[in-house]
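See the structures that follow.
Across the two complexes that follow, chain A remains constant while its partner is chain B and subsequently chain C.
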Partner chain A sequence: MNFLEIITGPKEGNVADPRIAKIRKNLNNLGVFFLVAIIWITLSIASPHFGTQSNITNVMRQSSLWSIIAIGQTVVLITAGIDLSIGSVVGLASCIVAIMLNKGYPISVSIIVTCLSGLGVGAIHAFGITKGKLPPFIMTLAGLTTWFGVALLLTGAMPIGNLPADFKAFSRGSVIGIPNLFWCVIGVMIPTYIILNHTRLGNHLYAVGSNRSGAELNAVPVTRTIFFAYMYSSLLASIVGILVAARLSLGIASNGFTWELQAVASSVIGGTSLFGAVGGVFGPVLGATILSTINNGANLLNFHPYWQRILTGVIIVAVVFFDQLKNRTK
Partner chain B sequence: MSEILNLSKIYKSFGAVQALIDFNVSIKEGEIVGLMGDNGAGKSTLLKVVAGNFLPTSGNINFTGNDVVFNNPNDARKSGIEVVYQDLALCEHLTAAKNIYLSRELKKYGFLLDHKKMNNGSQEILDQLNSSARPDDLVAGMSGGQRQAIAIARTRLSEPKIVLMDEPTAAVSVAQVPVILKYIRNLQKQNIAVLLISHRLPDIMEVCDRIVVMRLGEKVCDKKKIDCTPEELTGLITGAIKSA
Partner chain C sequence: MKFKFLLIITALIMGSFSAKAEKIPVIVKDSTSPFWQIVLDGGCTAGVELGIEVPLLGPTSEADIAGQINVLEDAVNSGADAIVIAATSFEGLGGPIDEAAKTVPVIVIDSIADSKNHSTFMTTNNVEGGRMGCQYLVDIIAEKHGAPEGEVAIVNYGAGPSSLRDRIQGCNEIFDAYPDIKLVATKIGDFTTTRQLNDTLDLITTFPNLRGIFDDALFGGLGTGQALSETGKAGEILAVTFDSSDELINMINEGTLQGLIIQDPWGMGNMGVKSALDAVNGKSLPAFTDTGATLVTKANINDAAIDAKLNPSLDCKP
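And then the complex of A and B:
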């Protein structure tokens, strides 16, 4: 095995050794993992509170919500699309579940109806993109404002509180020391991993993102595949909306405000390509962990909140720049 | 040899553009028909009509004795029509095996991809094609010849009655042209018909039984190869000779 090839990739014109290609792929994920480790070690040294169990649990809770929507965003990005409506769908879902619980519907019914509404939102986006031939950016940008408006209309721009204790308890609980919210991330990661890597649908998602017209010529059901991607993304956003409502004890339209950007940032930091066909399940979770760690660390170190946003922007640019530099070199 | 494909009075228009005009052709079992014409003559449109990518505006397609309507490529495939597209229709980010089995993936336990079976099947087909491409390799890192082999390998997954090939020798090295022509002759030996679109006159003259020439959406020549000369074909393609 040529160790130089592991670092630099195959020489021009040569086909990569499959074993080396596999190692390189894992190294890409490891790179983000090491970045997380470096940030955690640095913050542990800089702040004695960072490494405490309560703070780590807090970081895990924060990153869990972004991880789930980032996984949904990744599925869409793999098809060479984008879902800018995620934040508004989170807010809308938190309002729907809160309204239903306030009206006395059982928790299970409220959750199922909220998830179904999320699937409906995704189907509308996919319909506009596949049948209306609208660019995903435009369709989901319209979704961003539309669903925020719908949530404001449903709630009269007021927060909906007074949620049942059983509903709130889940998001605050933990099992074997791991927050329930993080178990939710694992619950989303496993099926998504199987779908992306071991099913026909997953193969079609990558094929559509890689060469949509080529996929069509090869009888790939492109429309059905795109419907799945947007419905899955909106479903995960709805689940996060339910979890946010449970965690904050209220449904409000501004829940999830600008989280679509966190989802894109987490996904891109985790190695997903904005041009489609590149991405997986672990990257967005690591990306979300980096972003929530930066927020947490900045708070502990008394950084002004404005600097957190600037720092996040710098990291996104740096990660994507080095990724592109690596590809250009290859 | 019985007739396998018969196109009669096929018209295809895209808005005001008439891509196919009153096109008629029939192809017999195991026959290799060369389809020539200048850019924009309608060759690829014709191929896509037969392959189920486009519905004809009007006209009739008869395949193996039955009138058929192919609403999508899958309909055509199920009937026994395999295609090698000019741009190869490959997904660069997928492995060779996943490209070969695209939309015909092998499964285990009902829904999981059977990677091992697909890799083994791909390796077998690629070996038959004398290709150095490996099933696990991403197409993005492959040479033109290896890509062409992947596209051709797709036609080996079923037992086709006809294979439509759009410029299969255009993007390969000189050394690989004979391999592809040999593959076309092997298809004929298995009684599989081939519709070969090519700009390369030597390839057409070497393997085809019959040559059809198109110009501006119309058929201007349909003759046995032995009745054609390269000069006449060139004249028909350029329009110097109106019809033959």
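And then the complex of A and C:
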């Protein structure tokens, strides 16, 4: 094993040693992890409020929703696709679950129906991409506006409130000091990790993303794999829609507005490649944590809100720049 | 040949119809928000009353300034006789409104643009609304703590709209008038409830001695209210917000929020269309009409006059 290769990546023309590729992936996560750690330590020193338990709980809650959609986005990005519909699917799901709860359906039924409609949405995207041969960017961009429109139609543009107390309580509660919302992140990370790393489906996802026609030649069920990716992403977006409805005590079509971009940003900060075949479970969660921490930290330090936005942009560029620098062959 | 003939006949019939009934579109800032639905219902009702056509238009986000300019231009090009519009941006809509006003009378409602040739501006005096809200906030802080003193914060829904700017200006005037009221932060959101929720949570964390919050818009108020009830700070930190919805009314009744400054959106849409028709008929209009703002608290929320404003019937069918 060539240790230099761990740092520089495979030499041009050489095939990456799979063991080294794995170490490099973990190192990359480690890099983002250290960045999170540095930001957290700096903020704890700069603001007496940052390290308090209630604030850490806040940051975890704030990052949870973005983490889950970022995991979904990552699965799609691994197949060299993109899901731009996520924000609207979050909004739509928040409306569906709120309407059903409002009509008196039990919480379990409302959640199941909402998740099923999410799967349906993802299946429609995948159908357009595989059978209709539409570029993922276009198909899910169309989804972005379509599902927002459906949510507006369903609600008449009104916020849907009066949700049951049990439903709302979930998003505020915590078990052994960890907010329920973050347990949901863990609940999504574990199956995603297993799928990506220990199943044939996972191999297929990476294969489709690295070389689609090659995958087809190697008898990878490309269509089925792409269906899985988009349905999984929409399902996770629907789960976040349910969680955000619980968190705000409201279903509104505008819930999740522009979150597809937060999902892309979190995923990319976490080392996912926009060109497919590179990405894991920890990266997007760390990426979402960085974005939430920046917002929270800037608020605690009473930064001007405009600078907060600029700072976010600069950090996204900086993280991805250094990540790529590390990956460049010398 | 026959087909062509039919087309011409259809065109003639349609032409004669549109020549009779005036067409006065109402263009709101965000066709997806309950506040603007009420404005549109007022406009729609005026259309039914006056027997004129009132297309109900607007972009789907207050942040979509370019989208609203397109809607405005399309409305002028599609043969409107006058236009009623609420500007998403003071600067952005100034030029386009002046351009439209060359062809048809333009009635601006709710939020003014940097335009000179509009026929009239009908709105809540938002500076006054901001003063009203923050005066009440200072009053209840004084009542609770014995004196008008302590830390307060403003949570703004988003940068840009002149109505929000005016509310904050009015609010700041009041805060400035009390030397012991200290404004510790003004948060600027991105027109989403989640952002307002997170900003308010962070305010509560950063300023443990915070006594009051003024929020300047409906969806913002929902986020602020949620943050207060979530952290158990409701009633401890006093909060006043703008506009109303069922959920905000619940929050007033539960004591999560102490006051709502409500406007008369239905009247704005309704009077907007009526004034537009007056302008088409050559009547002169005053430069400014105040459509009024009202303070709603737990004490007066069940009054008949307030209830009618809080629960306008949204059943207009054009």
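FYI, the second predicted complex is superposed on the first by the 304 of 330 C-alpha atoms of A that agree within 3 Å, B and C clash if a C-alpha of one lies under 4 Å from a C-alpha of the other, contacts with A are read in each partner's own complex, and residues count from 1 in each chain.
Rule of thumb we're sticking to: a residue touches a chain if its C-beta (ideal position, glycine included) is under 8 Å from a C-beta of that chain, and two chains touch if they have at least 3 such contacts.
The model shown is predicted, which means the values in this text are computed figures rather than measured ones.
A.B. asks: Once chain A of both complexes is superposed, is A:215 in touch with chain B (first), chain C (second), both, or neither?
C.D. replies: Touch status of A:215: first partner only.
A.B. asks: Quick check on the superposed pair: does A:277 touch chain B, chain C, both, or neither? Answer first, second, both or neither.
C.D. replies: The first partner, chain B, only.
A.B. asks: Is A:257 touching the first partner chain B, the second partner chain C, both, or neither of them?
C.D. replies: It touches chain C, and chain B stays clear.
A.B. asks: Would you sort A:175 into first (chain B), second (chain C), both or neither based on which partner it touches?
C.D. replies: In the superposition, A:175 contacts neither chain B nor chain C.
A.B. asks: Given the touch rule stated above, what does A:203 touch, chain B (first), chain C (second), both, or neither?
C.D. replies: first
A.B. asks: Taking the complex as given, what residues does chain A use to touch chain B?
C.D. replies: For this pair, the touching residues of chain A are 10, 13-16, 18, 21, 194, 198-200, 202-204, 206-207, 209-211, 213-221, 276-278.
A.B. asks: Under the touch definition given earlier, write down the residues of chain B that touch chain A in their complex.
C.D. replies: Per the touch definition, chain B meets chain A at residues 51, 53, 72-74, 77, 83, 85, 87-94, 98, 102-103, 105, 107, 111-113, 115, 132-134, 136-138, 141-143, 146, 154.
A.B. asks: Looking at the complex, which residues from chain A come into contact with chain C?
C.D. replies: So the residues of chain A touching chain C come out as 47, 49, 52, 54-55, 58, 62, 65, 148, 152, 156-159, 161-162, 172, 244, 247-250, 252-255, 257-258, 295-296, 299-300, 302, 305-306.
A.B. asks: Write out the stretch or stretches of chain C touching chain A in their complex.
C.D. replies: Chain C reaches chain A through residues 31-34, 36-37, 60-61, 159, 184-185, 187-194, 197-199, 201-203, 205-206, 208, 219, 222-223, 226, 230-231, 245-247, 250.
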